[in-house]
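Two complexes come next, and they have one chain in common, chain A, joined by chain B in the first and chain C in the second.
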Partner chain A sequence: MTAVVTPPPSSVDAVARYRVRRAARRRLVITVLAVLVVVVFAASLMIGRTFYPPGDVIRVVLGQEVPGATFTVGRLRLPRAVLAVVAGLSFGLAGVTFQTMLRNALASPDVIGITSGAGAAAVFAIVFLGWSGTAVSVTAILAALGVALVMYGLAFTDGVVGTRLILIGIGIAAMGRSVTSYVLSEAGAWDFAEALRWLTGSLNGSTWEATVPALVALVVLAPVLLALTRQLSALQLGDDTASALGIRVDRTRVLAIVAAVGLLAFATAACGPIAFVSFLAGPIAARIVGPNGSLLVPAALVGALLVLVADLVGQFALGSRFPVGVVTGVLGAPYLIYLIVRTNRAGGSL
Partner chain B sequence: MTQVDTVPAPGAAPAQRPGPVRRPGSVRVLWLLVVVAVLAALLAASVAVGSRAVGWSEILAALGGSQETIGEAAVTKRIPRTVLAAVVGAALGLSGAVMQGVTRNPLADPGVLGINMGASLAVVVGLAWLGLSSATAIVWTAILGAALAAVFVYAVGSLGRGGPTPLKLALAGTATSAALVSFVTAVALPRGDIAESIQSWEIGGVGGASFRGLGSVAPFLVVGFAVSLLSARALNSLALGDELAAGLGERVVLARGVAALGSVLLCGAATAIAGPIGFVGLVVPHVCRLLVGVDHRWLLPFTALTGACLLIASDVLGRIVARPDEIDVGIITALIGAPFFIYIVRRQKVREL
Partner chain C sequence: MSATHRLAAEGLTLAYGERAVIEDLDLAVPHGRITAIVGANACGKSTLLRSMSRLLAPRGGQVVLDGRSVHRLPAKELARTLGLLPQSPIAPEGITVADLVGRGRHPHQGMFSRWKREDDVAVAAALEATQTTELAERAVDELSGGQRQRVWIAMALAQQTDVLLLDEPTTFLDVSHQIEVLDLLTDLNRTRGTTVVMVLHDLNMAARYADHLVALAGGRVHAAGAPDHVLTEETVRAVFGLECRVVVDPTSGRPLMLPIGRHHMTAPAEALAAGEPIS
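Now for the complex of A and B:
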């Protein structure tokens, strides 16, 4: 080995090139994810008991009359697929917002009880108050905000967010689930499929009436969160550093919580708390994208992809039809355990 | 993540929790009488109260064996249910107390640690895939599932630095529990015959009680009660810490294993007959420690009695608030127990017991 001391290349250049590569990789990943979402979305419109070729599907979507396909694709598959995308985007975006803000992958809204609070409120409004549509969504959002507030009050008293918050959230999630079960058993002759929607999440029987409020919420609230991207990344460095960087910490946090909870609540009111999507989307996106900037967009796309694929798998791949939440639950729960194992191994003080 | 539980808040004085230590004998006897009286009252209430209002004369006639009127028949159906609630409650309360002693962990509970759900999944798999039908086989399966879940959760929870801390164990347990619920749903859903009662394998209840079902788990429960109660002395030694216990002549690993076995037998058998009921084993030992102190020779029988009281009370409550329907007792215990769980998590010195 000859020890030739090469003069270090201009480190400014190196950093600049690295940044360009990183940004390019990030764009590539986002593009691929977006294309995948579109492909699976299209596939879920075509695949079913009868297969419709892309031409038929496109004509139906454009509003033309195609015998057979107009009903099956237009009334059954389209709202379902749209709701899958909307719910997936909402859950993914809200989940990664919480995970980023609280700096902990376990702090996703479905683990810490916010989603189950929204679900319990929604089913309460439907069964006991006989409401439907937007009123249900508003009830869900109020309950989810309430849960978030309670968590904040309970867990932030010692100024630390950590395992304690997560355990408290798990306790709250248990309460939310038992309230849901209580309401369902009160409903008397509830049918089992409907109950599963509120316990694990399901896209069965999706209609436009349920889908549209969630879609509107996504269109309104997603830009709010995306506009907060820079502030959220700064919050990851800790409150003090963030405010030293000129971020208004409290304002950012309140805005982010309200927007994320809104997304969650509207999606939950439409299809129930689809298990573990908001928990899974962030870490998967982080795996794919690497440490290349904000995870908000990739995680939202991963969420949509997860829900679409899980719904297809649940409907057609397993012999009998499973609601989407059962599929994501079976996928997500082992990952939760894996995450805990890894954190424990690494010597984290969980 | 920060080790909140070991670092005292800045400026806080070293915690001087008065702590339940030893209670004089007279106090314990007094509390024993109170708990027995409460249990008797609840037993009576559980037979008397239900979806259908029944007069005292009919209740007395039914207790004498008569089933002539509808009221008497209703009361006759409430008797096995009451017995079941008492037995399951006692088993879960005792099981939780032993688990808290074995793991020296104030958050230990067969529900929180995912052990009940392990039993539940094993039973569902046995019913759906292995075609189990005999009651005894189901109980064995449940106990096997409970044991596997217990070993798994303990293994996951003790990885890494510091061994099985309460927070790590509780987190591993609840995560495992969530995983197992998903699997229970996934396994049971395609099977219409099991899916009918799928809810009962996710949230326990005592509604469908019969003396025959109770008879099939009775041997397991008896062994579980005996093993658990007999390990009281060993648990007292273990409470001092492994080294001190070994110094006192306790065979630590053996004692811990036997006590854990008793506890798993109890919660596995209870789940086999009533489904997974959470939080009873969490709440009851904490309350009992306040009443009679930390001596396991008193604590363990007390938790059995109090557990029976709690479960009967929850069951009666579930029948009253939802008339004419009824709420599964597992829902009520979760509603009572989850806030309690939060309270314990929030307490500063969660690491010590």
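Now for the complex of A and C:
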């Protein structure tokens, strides 16, 4: 453009300084969260019925033989902790993607039925069809995509998320959970813990066979979402503004939905729909990061931290052992109620 | 001078479902001038503007920018020439002014490219031009309506487009903020040569600030040209179905429309409509 009004250098510097300050603050938050994830991950390898010091744990992870620890840490705790991190990252990332894209904290995939759709399909495939492994993951993905597609068709009239989408979603979530309950009631031989995995999510009995597909999905799909960071930030300003900024709105949205749904479905197929992690990670990350840029990475880390801590609490802090989803459910439900109450006060527009 | 851009609608037909809103409309936007589009509610003003920025695909005809259909141009390329401020843009909760204005830089940035000095310069220039430099670190949702609208215009300015479309930029503002926003757009037009196209509700504001006034009725251009020629008693009657008097605004020399209603008239409405002098 010509005849450009040149701003004084001092104001350009002020703009640059503010931007650098925000970026520094964001990096600090991300670093602290990442360190916390590593610390809690390490702690969850050491803590248990038997305590193993860091030295033993490191030797097991490096593949050396340590009597006792090789089995307990290597076969029991390590897959469980890795799955906790993978599922937490996946749920957090997918949740904040939906919340950002739909501009509404209530529009997280575990509130609007996408997670429970995946869970219902997975449990159906396991109990009635006798499937396992990849077949279960694929079934969960197809179901989750199906639910997302139904939502898209029913509620995306002009990209604005109204009460309608949330209500339809809550209905679909209830249907998913009732299908799960029915299937579990037919599978008489299942023990309670296994049933709870599919109702609220659990890391009990985590194996590498269950963890690896979710890990691969994370490695493949997380970069897709991270590459969409700027497009998602523009979408927050409304479809019209985003489009005026040169974003291809529909393409971005479809790509983000497919990637986020893939993450969710693989994680759900591995450990069940861990309650409310998708829902909580974004808002918690927003509180910590403040108005300092994209929430994708911070929310993913918060998700991992939530699952790791909730699993430790569920195993050891309470009188008896609870699956991780029960703990996150207890955390998430009050927040859900709070959001709905606040929404009602604001006049019913979500 | 900014590069000359030719923006025009050619035989444009726009429809929502079965209902045609705009039919076979031709419109040329004069380069480097301020164009205001006016018309009755639901006459398709906003629809037309949305289609000009390719938010709405035409049912027939096309919108042409420099000889190419806007619906075929690459998204980012179009966004570097043509900016749009929608009627009710959405500010994410807690976003700061500098962050929001910075998002206007999107069409100038590659997928993984770093933020450059020229981006900072563009943001600072946009803040200066809209007098929002002092607000840079404030949250947008704490600002007054007038300030917020200036910030949105700043975001569109950071996009550095030669053509700027605005959908009712003054609608939710009180009169002093309306003047502030329209003065700002005039400054941009005069100092940078930015071509401005806006949909306005207020006929008198449109007549005062536009170089080129377009009156829509029945999905077509009813009249277009200089405000003196377009804002006439006949046009208002045809476009709005309203009797009125048009006088010369003593403060601007532009036409000023005085509506005639059923009450508070100094003379019977028929007499006023017939052109008897206002006492």
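The criterion applied here is as follows: the second predicted complex is superposed on the first by the 328 of 350 C-alpha atoms of A that agree within 3 Å, B and C clash if a C-alpha of one lies under 4 Å from a C-alpha of the other, contacts with A are read in each partner's own complex, and residues count from 1 in each chain.
Please note the rule applied: a residue touches a chain if its C-beta (ideal position, glycine included) is under 8 Å from a C-beta of that chain, and two chains touch if they have at least 3 such contacts.
The model shown is predicted, which means the values in this text are computed figures rather than measured ones.
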item: Chain B versus chain C as contact partner of A:Ala24, first or second or both or neither; value: neither
item: First (chain B), second (chain C), both or neither touched by A:Gly319; value: first
item: Touching partner for A:Glu186 - first (chain B), second (chain C), both, neither; value: first
item: Partner chain in contact with A:Met175 - chain B first, chain C second, else both or neither; value: first
item: Chain C versus chain B, contacts on chain A by residue; value: B
item: Which superposed partner A:Ile340 touches (first chain B, second chain C, both, neither); value: first
item: Touched partner set for A:Thr200, first chain B, second chain C, both or neither; value: first
item: Partner chain in contact with A:Ser11 - chain B first, chain C second, else both or neither; value: second
item: Partner chain(s) touched by A:Leu149 [first = chain B, second = chain C, both, neither]; value: neither
item: Footprint overlap on chain A, comparing chain B with chain C; value: none
item: Complex contacts: residues of chain B adjacent to chain A; value: 1-5, 9, 107, 156-157, 159-162, 165, 167-168, 170-172, 174-176, 178-183, 185-186, 189-190, 195-196, 198-199, 202-203, 278-279, 322, 325-328, 330-331, 334-335, 337-339, 341-342, 345-346
item: Chain C-touching residues of chain A, taken from the complex the two chains share; value: 1-8, 11-12, 14-16, 18-19, 22, 103, 227, 230, 233-234, 236-241, 243-248, 286, 290-291, 293
item: Complex contact set, residues of chain A against chain B; value: 104, 106, 154, 157-158, 160, 162-164, 166-168, 170-172, 174-175, 177-179, 181-182, 185-186, 188, 192, 195-196, 199-200, 275, 318-320, 322, 326-327, 329-330, 332-334, 336-337, 340-341, 343-350
item: Interface residues, chain C side, partner chain A - complex; value: 1-3, 50, 53-55, 75-80, 82-86, 88-92, 94-96, 98-100, 102-104, 106-107, 109, 111-112, 115, 117, 120-121, 123-125, 127-129, 133, 136-137, 139, 156, 159-162, 191-194
